[in-house]
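Chain IDs A, B, C and D follow the sequence of writing; residue 1 opens each chain.
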Amino acid sequence: MSTRLEPQRAEPSAGVVQLTYREAIGTALEHELAADPTVLLMGEDVATAGGVFKTNEGLPEKFGLERIRNTPICENGFLGVALGMSVTGLRPVVEIMFSDFLPTAADALVNELPKFRFMSGGQCTVPVTVRSIGGATGRFGTQHSATGESWYIGLPGLKVATAATPAGAYSVLRAAIRDDDPVLFFEHKGLYGRKGQVMLGDDAIARIGEAAVLREGTDVTVVSTLLMADRSVTAAEALADDGISVEVVELRWLRPLDYDAIVASVEKTGRLLVVEEQVHAGGWGATVISELVQRGVPMGRPATLSLPDDILIAYAPELEDAIIPSVEAIAGQIRSVVEG
Amino acid sequence: MSTRLEPQRAEPSAGVVQLTYREAIGTALEHELAADPTVLLMGEDVATAGGVFKTNEGLPEKFGLERIRNTPICENGFLGVALGMSVTGLRPVVEIMFSDFLPTAADALVNELPKFRFMSGGQCTVPVTVRSIGGATGRFGTQHSATGESWYIGLPGLKVATAATPAGAYSVLRAAIRDDDPVLFFEHKGLYGRKGQVMLGDDAIARIGEAAVLREGTDVTVVSTLLMADRSVTAAEALADDGISVEVVELRWLRPLDYDAIVASVEKTGRLLVVEEQVHAGGWGATVISELVQRGVPMGRPATLSLPDDILIAYAPELEDAIIPSVEAIAGQIRSVVEG
Amino acid sequence: MSANERVGWMRKMLEIRLFEDKVQELFMQGQIQGTTHLCQGQEAVSVGAVGALDERDYLTITYRGHGHALAHGMTMEAAFGELMGRTSGCCTGVGGSMHLTDFSRNLIGAFAIIGPSYSVGLGAAMSAKLRGTDAVAMSFCGDGSTNIGTFHEALNMASVWRAPIVFVIENNLYGEYSPLRETTAVEDLAERAKAHAMPGVIVDGQDVDAVRETTETAIARARAGEGPTLIEAKTYRYRGHSRTDPAKYRPEGELERWKERDPIDLFAAKLVAEGALGEGDLAAMRAQIQTEVDAAAERAAEAPVLSLEETKAYVYAS
Amino acid sequence: MSANERVGWMRKMLEIRLFEDKVQELFMQGQIQGTTHLCQGQEAVSVGAVGALDERDYLTITYRGHGHALAHGMTMEAAFGELMGRTSGCCTGVGGSMHLTDFSRNLIGAFAIIGPSYSVGLGAAMSAKLRGTDAVAMSFCGDGSTNIGTFHEALNMASVWRAPIVFVIENNLYGEYSPLRETTAVEDLAERAKAHAMPGVIVDGQDVDAVRETTETAIARARAGEGPTLIEAKTYRYRGHSRTDPAKYRPEGELERWKERDPIDLFAAKLVAEGALGEGDLAAMRAQIQTEVDAAAERAAEAPVLSLEETKAYVYAS
């Protein structure tokens, strides 16, 4: 019997190119699939029509339907399958379409993947990457709009990553797939069309846990992720004309979390604003503020812009827009933090 | 066809009695089952041998097997059943045995129960109470020891409650069952044998969201839940001899969360220590600290005693004991907060 | 069944067809946003099955639920309003296309996430039983949804508890972009009833009379306390899975073959043959319904959007 | 099967029986804490099924897995050590009674939470297939565990993918305190294979020869690329569900009836009748194994407990 896995392919082209966030995801997948024949992609319709979010265009043609594998609708089941593959020589990447569906696979995600190596006394590694697409602004309603980014940050054994730019998407996703621990990687469906310069090649692969400074500034530090980081940059650009200098730190990893980068920035600016597309309770934003306060980082009174704690995301477009922090809302909050 | 639900029974005996935490849970269930024929208890083996944690002794005999209903092993399925019952005239109490099993029902718990009323445009109410038993110290190992208390605090639409004493267990569980919103109620298996004075009767029913001051003090505020609150009280008693006056605030509700009670206490003591049986990341402890800092409550540098972020709960008794904050560890941390 | 009643089914199937066509149109105009899952081609299942329910019975459906909601008597205005996100909607616009419910008439759930339609329906059935009523529940899901665990969890509990419920699988051959056979071990999904000692019945989902008859038998069984039934209705969706799907993955000619057995055409021919409808009546009926559809959409569009403050009252009851 | 080999099965069944009895004893002495789920009465399933695997094959088991681990060749010292929470344990004592694994010999999972045993085993089977080996996987669960959705999710995927796996259900008639019939729609769980177009086979779980033969056929089928099989082994657990359970919920005489078909006694009688064992051999064998059991427990107890620092290295690989 011979392997069904495509043979190793050439080292991917390096260099800087312009890609959409969507293309950056696909390119990262392609490069890892090409670099390592044990990498495979599994999920619902991942191999058909480029996948539900069109991130997988061309992959089935290049790597075959064994490695780009459609699954039945059974998230908990196929995440368990990925776990079994990961401890027996494969490196599965699992797509859980909407982040709202992660709870349907939460047993595997909470109880098995992060704990499997530990409970075994370190006998195995669990190189599973879970890609999940979250976030609002698509008018998908209450059950298809969560970022889910903080649901699983309290799980030692798991790593949690996100990306707000095409460059970050390429760089972080490749690092996640190469890592020997389970990594939950969040994409934001509101960012797929976003264009940006992307450095390709192995040198671009992210260091686990490293945050990115998307924009440098001196007056205030905005810590954010995903679409909110993207909007924070836009807000910062707008405020620059008014002479407000905003530093935007994108937390690409929520576990491990890059406190040093935040501390360094806040020590410089003396002010902190957390912008998150989630309620504040139980989120990474509260965790960051708590940690900085415990460390005694001088920063006046930290501020937050989060989803209201007393509402859920509604379908009606006007309501969704009122609930999700806009560029204007972020700019306004930055202004009030700076002007005290 | 006639109802299978036992007729209404007499108003439960009021007054103060000594009960174990376990008995307090059973008594709360009995009193609500007696008070309202639409209340029922569902879960795995809830009606056999008093239930897995012996909290349900005598209930099947009193209320019958229709209302004290054993289910197959399918948490997500029977929590969905409870949801369907709750919007059609019943008030199910669902037991999810170990809190570690909550993720197996997370789709119903995260995506349906909290959102069901909202998505319907307020057409229905969802009076489901989920009882779940968590916590370490039982040598149950990595997959049967989580408190799970903060996993679902970021969900508007859901209420989250806990209890650290027999009196609290009776009072909070009855309030949870009477509430018209879904309530996730956490018990701690390490507390079942704990004895205490319990005020019975309808006057004892808790007010939703209200924290309890388990012990008054002036030097430092310890905010805690479940077994850690119990241990904090013991630690506080020990420190009293050394002239350290500790106020222990038990957060009986994590959603809604009683910030006023915490603020009032911290304004008095000027110091805050959070003690939690969970990692700090993504937990209620970080949320509390973040909120107080944003409110500008004067308290010096808040401290925390949580589970280490770089380990999981191991089976080996010596390791479990080293991981879970002991009375001595709590006392030591309180001392260092007070003595700065 | 009286001729009049069956002509009513015809009207309802046409109403659903034209409603869904209109939704597509409104989507293109941006009056409806996000996503929609249309059911053209599956009208006989909605009308045949849902129509067999009594007022006191319970119903749970899915994101592909416009047909069921209309068959259940939801006004087109309430449905359009919901898709438009306006207060004219059945959920005042907070739910959207995937969540058409009407609790006042026991349509208690429309599920956007796969799984709970059957378990929540079962809860309603058990509630009816425990409260001593003889109401039954009917719950819908699709073929692909029979692969998620909760489907089996619900069937097992329903069988053990002899619950008064009718489970309907609408087998339209695809789960999103995937053909049934590529994701599913059995071709006849009614087979899955065997795993739970429950009768499993296959019915031609293009034949409204057959669907009606089969569901009536299952409902009678449930009401008599004899337990649940699993019905598999073989049908087909003409459109892609959702708004963004051109359905290129379908084999040549498959769509055309199914359109030859269009449920509306089949039933129209039958009614004409029986003399219940004259040749001309049909065109007139279609024209009249089209007017109603357009009018309903316009009325729905006139309603305002709920305020954020009002919406907050929906989060908690107390 | 050679007489020697079958005498080996006898030894192994005795080893499991005496190991479990010893665990009970050590529990009373506090040398083992927390909880344990013993398998006295089910030894023929572990020995018959697990014994049929090749070295290259994969195995996933559950919290009631001591018998499978020992049948798979785990030393008693490694098993005792794990239950005692010491470095002599197969997982250096961090896992405990519910998590006996040995990745060096492809025992890749012992699950304390119900569901993933089948899906993770399926992952190993698919991995073997994709990597071009002819290894197969065998996965265990109990009767009550056939009611959780993931059971069906795994069976469906395995069937669709023609995965090289053998699923074994140990039907010991109870899920915790609940008799099968009160929670489960079917009495013969092998029936559930039909929902996934998979062969379902019932075997007498008290007859080690029968179990061995049935699993060999299923393994051969899997190895030949013909797909998965679901085997239901009818058996019985003598003890309560776990340490704290006196099993009062069992009907009068049920335990006694099953003990009349004790797998060890049945097989012993067979071997004696065949002349493979002499009357005296058995007592000698039991005595010798008892000595080994006691010695293994003592050796295991001598090992230290892992330090917290060492344990931390298990959380992340990098």
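Heads up, the rule we're going with is that a contact is a pair of C-beta atoms (placed from the backbone, for glycine too) under 8 Å apart; a residue touches a chain by one contact, two chains touch by 3 or more.
Predicted model only: the values in this text are computed from it and were never measured.
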Leaving out chain B, the still-touching groups: one piece
Shared interface partners, meaning chains that touch chain B and chain C: A, D
Pair joined by more contacting C-beta pairs (A-D or A-C): A-D
From chain B, the most remote chain by mean C-alpha position: C
Chain A and chain D: spacing of chain centres that average the CA atoms, whole Å: 40
Whole-Å separation of chain centres (CA-atom averages), chain C against chain D: 45
CA centroid of chain A to CA centroid of chain B, Å: 32
Between chain A and chain C, centroid-to-centroid distance (C-alpha), Å: 36
Residues of chain A engaged with two or more neighbouring chains: 71-72, 74, 76-77, 100-101, 104, 107, 111, 118-119, 141-143, 156-157, 310-312, 314
Multi-chain contact sites of chain D, meaning residues that touch two or more partners: 93-95, 99, 113, 115, 147-150, 153, 156, 160, 182-184, 314-315
Touch-based graph of the chains, sorted into line, ring, star, complete or other: complete
Of chain D, residues touching chain A in the complex: 58, 60, 89-95, 99, 101-104, 108-109, 111, 113, 115-116, 118-134, 137, 149-150, 153-154, 156-157, 160, 313-318
Chain D partner contacts - residues on chain B that touch it in the complex: 44-45, 48-49, 52, 70-77, 100-101, 104, 138-144, 310-312, 314-319, 322-323
Contacting residues of chain B [partner chain C, same complex]: 1-5, 38, 40, 66-67, 71-72, 74, 76-90, 92, 107-108, 111-112, 116-126, 156-157, 159, 179-181, 208
Footprint of chain A on chain B - complex, ascending: 76, 100-101, 103-104, 106-107, 109-111, 114-115, 118-119, 141-143, 150-151, 153-154, 156-157, 255, 257, 278-287, 289-291, 293-294, 296, 301-304, 309-312, 314
Chain D - residues contacting chain B, complex: 33-35, 85-86, 93-99, 112-115, 144-145, 147-149, 175-178, 182-184, 245, 248-249, 305-306, 308, 311-312, 314-315
